[in-house]
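To start, the structure itself, in structure tokens.
Labels run A, B and C following the written order; every chain starts at residue 1.
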Amino acid sequence: MSAPPPTGARALFLRLRSGDEVARLITLAFASSILLVTVGLVYQLWVTSSLPRHKFGFGFLTSSMWNPVTGQFGALPFIYGTVFTSAIALFISVPLGVGAAIFLAELAPPRISSTFTFFIELLAAVPSVIFGVLAIFTLVPLMRDYVEPFLKKTLGGLPIFSGPVFGFGYLTAGVILAIMTLPFVISISREALLEVPTEQREAALALGATRWESTWQAVVPYARLGIFGSIFLGLARALGETMAVTMVIGNDPSIHASLFAPGYTIAAIIANEFSEATGDLYLQSLVELGLVLFLLTIVINALARLLIIATTRRGSAQP
Amino acid sequence: MTLRNRWRKTLSYVMLSLTGVCALVAVCILFLMLGYLVYNGWRSVDWDFFTKLPKSPGETGGGMANAIVGSFQIILLATVIGLPVGFMAGIYLSEFGGKTFAFLVRYMADLLNGVPSIVIGIFAYAVIVIPMHVNSALAGGFALAVMLVPITARSTEQFMSSVPQTLREGALALGASKWKTIATVVVPAAYRGIATGMILGVARIAGETAPLLFTSGNNAYMSSGFTQPTASLPVMIFLRATAPYEDWHRQAWAAGMVLLLLVLLANIAARLILSRGIAVQK
Amino acid sequence: MNDITMGAANLPSASSAAGKPVGQQGKLKAVNLNFYYGAYQALHGITLDVPANRITALIGPSGCGKSTFLRTLNRICETIRNIRMEGEILLDDENVMNVDVTLLRRRVGMVFQKSNPFPKSIFDNVAYGLKVNGFRGRLAEAVEKSLKRAALWEEVKDKLHKSAYALSGGQQQRLCIARALAVDPEVLLLDEPCSALDPIATAKIEDLLFTLKDQCTIVIVTHNMQQAARVADRTGFFLLGKLIEYNTTEIIFKTPTKQETEDYITGRFG
């Protein structure tokens, strides 16, 4: 009756001629570059940190000695500083951010909600170094002359509020980090709250709950996955923040308990010392710090994304 | 009304007002920052700022012409490499992607997006600065391009995917080949979103400092090519602000104001383009 | 003229690939077509002859496979992944799988259920098919001719460069018809073209189909039985992926031979 469709080489030739296959191959090549870069990145980080990895092994992560002169390098002060400042940042930005998100999602009329959100999201676009400039010249004096002495006077008994006050240190870095993570917490929490069906709120109200009770006990729990996701995202951002923190952390590679003390974060020491590092061990130790930071942010980011995906897919309703 | 009820009502009122305060604080931060920057930077921005080279430490005056030109060089390099690569990758993900490979690429793109920019700087250092034995605009541009590609790819993919399938079928049914359909129907339909994504991406890398610190480094003078250390606005701001000279602080304010205004303008422009209608209009 | 019933031997067409035999059977044929979405079989052994220059309607309840079948005729089904086709589809006795698919679609045009004009001007919409297929003549004339064939010219001639989205739903659908007609297809497939339109717009399109069938073979899928009764010369009734009965419209609606057909016609289910 009629010829069967062409197979094999002739089919391939027909496909190539149409240009579609060519287009697919070209765009595929560009897409592969993303894979290539990522693999290359991990490879370079691994290879360029081989010296300290072989010399210190896992001790690198537990040693708190950082001495370029004697060739002793340990990551602990920086891991501590990174985690400590990020914790401070979340401590401030989560209540503030979730509170603002509740207002924007539940209470504010739509016009105000979208205008406020517009400005808050603009905050996310501000470069880190700008935050740093503001932090150095306005936040540090503020902390040094007012906030920290006040805290020390009232709560100075606790070790976390003890010691001399410089202005530069963990607390100041934490505060500027809080400001930088705030837009992310607000924006994602707000979206999670907006997705909560009105029936949830209405059910609580119909049982006689106050507006606050229905919000806090019905709406917010329903959206908790997305809110947690926003917190993790904020955390991931805080861990990797470099410039603003570098400018106010105080550059002290040791571990202190007090909020007022100067310290160091992984990103900050790389920023400060990478160009000056003499000798391979020194440089590669900094690279290994970068590897640690890389792994840390990968894990936190993955958790954040899982939570946010879980929200959108399951509508965040959980037993 | 019982005492308990009155307490609950008061609590409700107080808590809800607090949330309003939180939102107000969040918004005020932006305006306070902007205000402070403008207040401190405005007086320091003059014609010299844009045209003169920086003076030696301790001397007053001078400008940041080399940083402005240098930033321009580095960003140009980054966009010339990063935008086309990201755009094409985004088209692959949206129009051609096979299930597993596309998933892998998307995952890696999101991974790269989450990597701290200083680590990307380390990567660029290892790949370009070490073999070349010198800091260069090339290395800095490469680092920024590595950041720009996943941003552009994901946003291009997002907007291409949002074009309804029926538009593609309409073109295919007329005898257009797949690539022609993409080029003449799908991309034009999504161009607003794609352009917005690109502008936002470039605005984001324009403000990045960390990846440039040890890739393009700094230069007291105008750099005469892409293979030399190059000054850039963000790096200059960092160096000036952390130095002990009062006049340099003044310049840091000025440069900070300029940078922030540029970044914010780009962001606002991008959002306006997007809000004017998602492409399904002429 | 012979009546076509399911299963009868296919008479070979006497025409060459370029000819358009008037009134003869077999312009577009399906032979024992099976169609699968993954593991799910959507079409079972469809054998169907579409006569040239006639309107053939395909009716049946939702999900019966009539749209799926229509979309195999111009191979637009291939945009979905994981599909499989067995059997043959012949255009003028040539297997459509042997023909370059973009050429096939120039000869077999399609109008979709919901109008889908491009985000371009009215003019550019109609001209799109011409440009993409390398038309070398006078574009403006060809566009005007198409719009006239689609009975839309008078309404849009003063605003050809306005956006297509400025038109009403019915006008947009006629625009899509004009767009499809611009490349001068031999066959026009319409997938429930009036389902989103009001009765007046529907009537306009049905009138249009009558004027078109002289130059074109028309296959229309519709869930509106009255529409099939009004416009079609031949009607095929689909149910659960099978072609239950295929005959002249008069026989299908007045004296159907299968019980299922009668049940559907009389509204026992639908």
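To be clear about the criterion, contacts are C-beta pairs under 8 Å (C-beta built on N, C-alpha and C of every residue); 3 or more make two chains touch, one makes a residue touch a chain.
None of these values were measured; they are calculated from a predicted model.
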Maximum distance between Cα centroids and subunit C occurs for chain A
Give the identifier of the chain nearest to the protein's overall CA centre, each chain being represented by its own CA mean.
B
Taking the mean of the CA coordinates per chain, how far is subunit A from subunit B in Å?
17
Between subunit A and subunit C, centroid-to-centroid distance (C-alpha), Å
55
Distance between the CA centroids of subunit B and subunit C (whole Å) is 49
Among all residues of subunit A, which ones touch two or more of the remaining chains?
18
Return the residues of subunit C touching two or more other chains; collapse runs of consecutive numbers into ranges.
102
Subunit B, residues touching no fewer than two other chains
177, 180
Residue numbers of subunit B touching subunit C in their complex, please.
164-177, 180, 184-185, 188-189, 279-282
Subunit A contacts subunit B in the complex at 18-20, 22-24, 26-28, 30-35, 37-38, 40-41, 44-45, 48, 95-97, 99-100, 102-104, 107-108, 116, 118-120, 122-123, 125-134, 136-138, 179, 182-183, 186, 210-213, 215-216, 236, 239-243, 246-247, 267, 270-271, 274-275, 287, 290, 293-294, 297-298, 301, 305
As the complex stands, subunit B meets subunit A at residues 8-9, 11-13, 15-16, 18-23, 25-27, 29-31, 33, 36-37, 40, 84-85, 88-89, 91-93, 95-97, 101-102, 104-105, 108-112, 114-123, 125-127, 146, 149-150, 153, 177-180, 182, 200, 203-204, 206-210, 213-214, 217, 234, 237-238, 241-242, 249, 252-253, 256, 259-260, 263-264, 267-268, 271
Where on subunit C is subunit B touching in the complex?
74, 76, 79, 102-106, 109-110, 112, 114, 116-121, 128-129, 132-133, 162-165, 176, 179-180, 183
